[in-house]
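In the two complexes that follow, chain A is the common piece, with chain B as its partner first and chain C second.
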Partner chain A sequence: MSALTPTVIETRKLRKVYTPNDIAVLALDDISFAAEEGSFVSLVGPSGCGKSTLLQILAGLISSSSGEVLVDGAPVRSPMPGKIAVVFQDATLLPWKTVIENVEFPLEIQGVRSAERRQRADAMLSLVGLADFGGRHPHELSGGMRQRVSIVRGLAQNPRIILMDEPFGALDEQSRLKMGKELLRIWSKTGKTIFFITHSLTEALFLSDVVLVMSQRPGRIVDVIRTGLPRPRTYDMVGSAEFGAARNRIWKLIGGDQTDADAGLTGL
Partner chain B sequence: MPKPLVLLTQAGFVAAVFAVWQAAITLTLVDPTILPAPATVFAALAGLLRSPDFLSNAGDTLLRIIAAFLIGAPLALLTGVVIGENVNIGKSVSPFFNLVLAVPQSIFLPLFTLLFGLGFTEKLMFGITHVFFVVAVNTVAAVRHVSHEHVVAARSFGASRWRIYRSIYLPAMAPHVMTGLRFGMIFNIIGILLAEMYASQTGLGVLLMQWGESYNVGKLMAATIFISVMTIGMNEMMRIWEARLGRWQHSANRE
Partner chain C sequence: MSRASLIRFGAIAAVLVVWEAVRRFNLVGPLLLASPSDIVAAVVQSGPQFFRAFELTALEILAALALALVFGIGVGVAAGVSRFLGAVSGPILSSLFAVPLITWYPLFMVWFGIGSPSKIAYAVVSGVFPIALNTMNGIRHLDRRYLVYGRSIGCSRLQLVFRILFPLALPSIIAGLRIGLALIIIGVVVAEMLASVGGIGFLITSYRNIFEIGHVYLGILLSLLFALLANLALSAIERRFTLWRDLQASVT
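Up next, the complex of A and B:
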């Protein structure tokens, strides 16, 4: 995290206006931040504040109304396969394909030859302990396993940047932290830059180097928190005083009980 | 219930129908000129299958059915995709499709004979209209079933528009489209036979009407069985294909 680490993602004054039924709605306003190469950056904020919209703009899936996104200094205007991979919720695994076919699907689109495709998919599935499930269909797997497949599908593309949109949102709190640790393990092995959206403050603090805090709509970045927690992260850090203080600070920033931001985390 | 037992019960049911039928004849409960014995009907059926005249009429009917399907189904698929993909076209056109489906198409038959005569063209047009609407409506529904999230994911992988149609739309739509095609075929057969029975020079429908009006019940029933078996066979073939294309769906829904 030194000043010498190059910036890999940068946004400059991003603004997004939607006009459903001819009424303009400001979804995102003045979003400027930079993410360093190999860092783990989380974005937290209340539901409906535009987190997913921002992710889709970063991914080149939708365009911003003004401002720009730079990846390695070059503007992003359309999806950048091979450079940016997106991990969606598990619903985006194709139900008619097997697990390994799902992992291979982006590689197939990106023109990777079939033997190499299979080998990369196999290797990635082994990394998350799903080597024996390649021939199954997504519906035969548990929610957590599907989510691991979804992550592997992103990683197998060997991108520099992985954008994750509430990837563990559908999991219970325990599986969520477990998956988080799993993700950190993979991340430390691969050195990717991860941009991670979540509405769980605990999850964001536990995983990240930097937490971007977003306000209610229109989404603005109201704080940038460097967690400063040592790695590897352990579960007992979650109970520490610094952790609690950081969480309370974010909690106040995003408007406390007006949000669902830390729903279900009181037991931790 | 185990599968062999199910099959046995079903076979028993068919046997019971024939047994009751035969008993009604043996006990002279019905007039054999109105309802001939099963053996008589099967003898008539064997005769029909050797009759060049019957087979030529059957060939004419089959040709009309296939031609109407081959023209009507692709047209309907194309229309369905355009309507399903384009929200604005869909909004303005879809209601009409549903309204048309509510009107019994049989009432247009006299109009069709006036417009297109009594020959091949009239049967073809009547068949096509029967195929078209049901397939189009099902195709629109199939397009609406394509998951937006799957499309977005594929775009993020760098998929082209064409690739998205091929790898996302096609497999997602296939089971629904197949259901539409199967119903289109059933409606098509209804339409063609109806047109033949109403006014025609050739075709199975003509024979049915002739034999019915002349009390030739043996041949009438034999032809009825022949048509039933053919249509059941066709429907089952399409149903098996439909089930195969939709296997992922059923197993995914079971969860």
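Up next, the complex of A and C:
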């Protein structure tokens, strides 16, 4: 990525305080980062560190306590379906609608005319090889297929950014890497900016240009790693020395080895 | 005709023959039991009268159903969406559901007169609670993640209610409708039997008073027909709107 690539998403000193039962809990603190247009950015961190909270703030679904999120330079205060699509861990496909109706639904909400909707949905389903499944209902598909439809549904919104909250979290390691490759293929064809949450370090490194590493609660960004791996990515990169070194570095940062990680955090 | 349907028709024919024989040989007195031929005679004698009564009762049921749906779903959605309204109305709805409403019928007569309005009002009150309760529960227990998704694609509040919340709660609402419609049919017919000037229930009571047992049985059969028709309609609605939930449940 050159320095001239425009920034599409930027956060400035985001902070989120929850007050359940009148006791303030600091969930996120001082989150500042920028993602370049068309880049693949992952966010890793221990569970409960506030990854999903951050994603929901980026999506405009919940508000931050202070700081701001800018998309194309404009602050995000509510969902912006024309710019940001969200793909959730559970595919959340509407069970009473068919696959193609699910893909069309966000377009319908945006007010796209029905002929154009159908055309865009068809094109998107073909892109992921699900053109023949348009008439099926979600419960007739496998978990991986449902998640593919859910990604397609996000793409059909034609957003600038796709936020993904552990989309392959429910899949086994093998299907997960396969789905990852599929996602990279779709990403390279559409040129969207992807912000991807995962707890799998391998997945994060395999997919991303940039990996943001978050600490335990309160969530802070403790490292930004540019993976520097060439594209297209291949499975044997996962076994390379570089890959292993990067993986170990993150592992320590997020507290894989508790004493080391604690020492690392106090030093920050 | 298939073997199964042959057996079915045979069984029905056998029951009719035995039933007729029981009366012909006077094994049971004529005031206790009408034979199939008595019922046929009643149709021949008073067919148009029963037809008009059937029409009236059907209209009362439909009117009561429409009102119970509007009020039941309205109250149920409000109580399901708003935590405050739910906390206030939930216990009231549940306890009113168990009250023997028939004791209130004399009041309905005073308020609405002896004609159809008192039947409709009584049936609405009978049927509205299960519809409201099921709607409320359906909305309270639905998966919130769908609503988060809805917000992420820019749904307005109305769109969230009508495009996501309502379809998700529809299977519960239909389950409530199943109980509610049964109570509405019972409510209309019972109210007609107690005091009225028309309808199937009215004919049953009137002919019982003059010991026309064949006519009474015809009235009973026609009131069963309401239940049958309601069941057919509900099954069709369930096939159309709730099949996804059953299929989903069978997968996960």
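Going forward, the second predicted complex is superposed on the first by the 254 of 268 C-alpha atoms of A that agree within 3 Å, B and C clash if a C-alpha of one lies under 4 Å from a C-alpha of the other, contacts with A are read in each partner's own complex, and residues count from 1 in each chain.
Just so it is clear, a contact is a pair of C-beta atoms (placed from the backbone, for glycine too) under 8 Å apart; a residue touches a chain by one contact, two chains touch by 3 or more.
The structure displayed is predicted, hence computed values, not measured ones.
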Superpose on chain A as described above, then tell me if chain B and chain C fit or clash.
clash
Thinking of the overlay built on chain A, is A:Ala59 touched by chain B (first), by chain C (second), by both, or by neither?
both
Check whether A:Leu125 is in contact with chain B, with chain C, with both or with neither, and answer first, second, both or neither.
neither
Which partner chains sit in contact with A:Pro81 here, chain B, chain C, both or neither? Use first/second/both/neither.
both
Where on chain A do chain B and chain C both make contact?
56, 59, 61, 79-82, 84-86, 88, 92, 94-96, 105-106, 109-110, 137-140, 157
With touch defined as at the start, can you tell me which chain A residues reach chain C in the complex?
56, 59, 61, 79-82, 84-86, 88, 90, 92, 94-96, 105-106, 109-110, 137-140, 157
Where on chain C is chain A touching in the complex?
145-146, 148-149, 151-155, 159, 163-164, 167-168, 170, 241, 244-245, 247-248, 251-252
Hey, which residues of chain A end up touching chain B in the complex?
56, 59-61, 79-82, 84-86, 88-89, 91-92, 94-96, 105-106, 109-110, 137-140, 157
As the complex stands, chain B meets chain A at residues 147, 149-150, 152-159, 163, 167-168, 171-172, 248-249, 251-252, 254-255
